[in-house]
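For reference, the structures are reproduced in the following blocks.
Both complexes shown next keep chain A, but they swap its partner, so chain B is in the first and chain C is in the second.
Right after this comes the complex of A and B.
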């Protein structure tokens, strides 16, 4: 216990160790948050979802906080709905019990330069035979009221402002967004800033009929992380990619270093043909093209991240480090405490697991921590080659999607930078911690 | 294989002069023969494993058979010359054509037999013909497909790795002399940056220099259309080389300097270096004769192993920069299920590795008088 305390005290002497640990704790917190708030199946469903899941989001929207850096603020997307109370709805019964009116209003401040990409209203209505009826109007900050549409509402109905031909005819322009956001008096093409109001007056013709509406504005910016080509909120892969990256990196590093150590220990302990076999396998493994085999497995068999993890571990066990462990084990095999263990009749497995390996843990820990980043990046590398897990939202997949869509060429830097920066933070966190651990556990390095 | 040196670098008893020359020769010969045989076995097993994986244990055959059936059927049905034939005659024709094609590709033999033939061809460097891929000249010879891409890969890997290697060794040597200095600390602080692979720096470089500053190209080998005269062509290639090469260099330079620096520091705290200092030798002499000389075997090993990796290319970096090298060819070959190209690229790597490791033992003996080939007594020459 005191040894552990001492190690922690030693660790705190290194700024890089503190920074690394803070980063790792932060990543762990994000992972826990992601796993708790979004169940695995839900994450997969959302990530694989198309328009039906992500219709509320604009395509290729940068994160909303980008506005901090713009002198001309770009429109930020939002969506409000009556079902969760973010848009107010009032139902008033009339003298006729069959008929009631539904008033839905939503006011919002629009202080951005330019017009939104699109406005949409998604109506849902419940009735038996008689359709409900709505009329939509738009009140601009200077008090003008623009009639948008009058229509019967089926069980569900989508109304897109730009694509409604009646509205285009009424406004005498094809560009509906310009017409409803611009100041008609102004000679410049500036949009009118201030409070806009959407008013929906509905009428139902049955006793228990209801009307609900969802109002969606597609701007240039969206949410905390922006969206991609398929309207998906990038926050999902950024959040959910964290536990996946950590799990892949940690499991691969743990599996590789532990197995390497056990195999090296067994080889040195038993000696003879076991040792010889392990050495020959190591040499064969050096000849095998590591990345090419991973790509082949991904292309031919399955792109499941867990299969990739298994193959990665399998190919990394018999690496050069097996030889360096071996040379240390050869020394400790001759130690007197091993002699003593033999004398009291300890079994081979007992000697390997209780005497040989525990002595190596100080060497193992820094190596393990330092190995994590390379595996985290390996997962991203496979994704960049198009071999990422087809169902899981990972950082590498976001980079791959962005690259495939020419995001850098088109100037959509956020799309590449967000996952890349997360990858970098993760890599550096583990690398810095591993670096400090190496110096603590290998005193020979400490003075250097 | 690198640590063979730890086995053979055990200081042996001093040489006993010319009287033992004959037995020395026999010992070296026997040792070399044993090493060669074990290398050959290693290469054979490694290549056979690659063949098995690249064929999915024979499953690729089924894909290929289906492809042949589809293509042959389609080409005969679409060919106007065969339109007058009756459906039965057409069916017969299709069957014969499929059989010929399967026979041509050797698919009628069982996989176990065929894999042995692949192995024999690979080991004798008879790389054969690709299944689907073609070189830009239109040839299906695997040798030509690989040779065509070799210059581009060697240009990228060669330029970046050589700068990386010599740059980091010399910077490390000078840092090791003034350790604890500002630049030394900067290098240590920056060494975790090497956790990220080169393609990762590549996307940042593309972002900064191609997308925002627009001073360097996004990727590719030359401008399109490519310049007519060779000077402009060369300059254009150089311009395209800057970003991929620097991403390779930046991704590894700090950890490389750090490792070499630590390595040199350990050697420069040896007693004989202190002795040389006490004698008042110049730092230049100390560096060259007392630090570099004993560390030469390690430097050579690292250089030799690096030289082999040049061959494989950087699959992902090449893909990110659209660099038409061997890495991208290997990636495409895998996507085309083109086993001959995959195996061809592997066998060349395996041979280069085996030959290098074999030769390294002798090189050690040349540069380090303590090392004896075959770890027995007597000199190697």
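Right after this comes the complex of A and C.
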């Protein structure tokens, strides 16, 4: 307990350790948040979902906070619905018990430069035989009322403003968005800023019939992280990619470091052919093309992240560090406390695990922490190479999608930068902590 | 001259005491490899050693550096396998013991090493260090282990015990470290204690304390002790017999008093002139070594191994034939042609 307290106190003396720890704690918090709020199966479902899941979102939208950097603010997407009360709905029964009217209105401030990509209303209605009926109108900030549509509502109905031909005819233009957001008096094609109102007057013709609506505006910006080609909210892979990246990095680092150490210790301890074999395997492994093998496994067998993790660990165990651990173990092996342990009958496994390895823990911990980023990057690189896990939302996958879609050529920097920055922050956090740990555990390095 | 323990009636006890450890024609050879694989001869670190040690008997093995003392001890501790010869403990031949038997043997032999700091794992607390042999020895009950740790620490005067239990070796002084080493050697209540130069790395000021402690423990527990040293002057603290070792052989075996008063082997004579008191200010050892190089253990000199350095060499005999043991006075064995 006191030892733990002391090491924490030691750590706090290093600014880099504090910075590293803050970053890692933040990533940890994000991971916990992601795992708690989005169950695994839900994450997979959303990530693999298409239009039916993500219809509310615009394509290729940068994050909403990009407006901070623009002097001309771009339209930010939103969606509101009557089912959760974000859009108001009032039902009034009439004298005829069969008939009632449903009034849905939504007003919003529009203070952006330019027009939205699209406006949509998704109607859902419940009835037995008789269709409900709605008429939609649009009230502009200067008080004009534009009739948008009158129609019967089936059980569900999607109304897209810009694709409605009747509306195009009525407005005498193909560009509905221009027509309903522009000031007709203005000579300079400027959009009208101010409060717009959507008014839906519905009528139901059965006793228990209902009408609900969802109003969606596709702007050029969306949410905290933006969207991709498939309208997917990038917040999902950014959030959910955190625990995956950390898990992959930590497990791979822990797995390789511990196994490498145990193997190096066992080889040194038993000596003879065991040691020889380990040495030779290491030498062969060092010249094996690591990435090529992973690519082969990914291409011909499976791209599951857990399989990749296993192969990564397997290929990293017999790394160069086996040799450096070995040289230290050879010294420890000759120490008189190990001779004493043999004299009182400690078994080989006891000597390996209780005498040889604990001595190395001061070296192991910083090495382990510093090894994490390279594995995090590896996972991302695999994904970028198209060998990412096919079902999991990961940072690397986002970069991969972005590249595949030529995001950088299209100026969609956010798409690449967001996951890339997260990767860098993660690497930076572990590296900072690793430096400090190295200095604490190996005081001889302090002056270097 | 060296102080000699008060004449106890050792002689009378001698014959009735049980033999604890019996070594017969022990050879320990290390193979020398050329370029890592080719055979290039043997280092004959122990080359034909025979002796018995009895219950509660203490033996000192003296000899210059590299003569094979540690190799002899490590073989007794079953750390090395004998190349040839037998070690019999409590009537059981070590080479015939199975794993369980070997465990039993190890728990009956304690080991005190030379460098106390190196002998203690730096990452273990004193409690853990002392607990290890108990765990290995199969004492499952934690309470029991703690109790025995307390007892052992009180015996080596590491008190108050609780002040030391959670300390790491580097927090202790050299003397305290050696007390931990001794407590560890004693914790399984062994019958035989092997002490390989237990004070040579310590400050002159604590040497005497540690030697007295060992001597007290020996008396209290009726321990048999094999005490290895460079330094003849420390022998008197608790040894009955002295074995003088030279180039893998025991050249003289006798009671301390006999050796000190009447050294027979020319090598012993040379050693004795170089001895000083352990607590003396300048406690150096073997100041006046016999002239000449210590012999090679790979190609030891023919005949008597000491002959190239011996001032009394008998030409034509000493350099040709290996001297057998002679017994010029009762209980005083010497391997030298002078006494044939």
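Going forward, the second predicted complex is superposed on the first by the 445 of 448 C-alpha atoms of A that agree within 3 Å, B and C clash if a C-alpha of one lies under 4 Å from a C-alpha of the other, contacts with A are read in each partner's own complex, and residues count from 1 in each chain.
Simple rule for what comes next: a residue touches a chain if its C-beta (ideal position, glycine included) is under 8 Å from a C-beta of that chain, and two chains touch if they have at least 3 such contacts.
Because the structure is a prediction, the values reported are computed rather than measured.
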| item | value |
| --- | --- |
| Superposition on chain A - do chain B and chain C clash or fit | fit |
| Which superposed partner A:289 touches (first chain B, second chain C, both, neither) | first |
| Which of chain B and chain C A:385 touches, first, second, both or neither | first |
| Partner chain in contact with A:39 - chain B first, chain C second, else both or neither | neither |
| Contacts of A:355 with chain B and chain C, given as first, second, both or neither | second |
| First, second, both or neither for A:339, with chain B first and chain C second | second |
| Chain B versus chain C as contact partner of A:420, first or second or both or neither | first |
| Partner touching more residues of chain A, whether chain B or chain C | B |
| Superposed arrangement, angle subtended at the Cα centre of chain A by chain B and chain C, nearest 10 degrees | 60 |
| Smallest separation in angstrom, by C-alpha atoms, between chain B and chain C in the superposition | 6 |
| Touching both chain B and chain C, residues of chain A | none |
| Touching residues on chain B, where the partner in the complex is chain A | 1-3, 6, 38, 41-43, 45-47, 49-50, 53-54, 56, 59-60, 179, 189, 191-197, 199-200, 203-204, 206-207, 210-212, 218, 262, 265-266, 312, 315-316, 319-320, 330-331, 334-335, 337, 342, 345-346, 349-350, 353-354 |
| Residues on chain C engaged by chain A in the complex (per definition of touch) | 74, 77-79, 102-103, 106-107, 109, 111, 113-115, 118-124, 132-133, 136-137, 181, 184, 188 |
| Residues of chain A touching chain C in the complex | 335-337, 339-347, 350, 354-355, 358-359, 361 |
| Footprint of chain B on chain A - complex, ascending | 16, 280, 283-289, 291-293, 295-297, 299-301, 320, 323-324, 327, 373-374, 377, 380-381, 384-385, 399, 403, 408-409, 411, 413, 416-417, 420, 423-424, 427-428, 430-432, 435, 444-445, 448 |
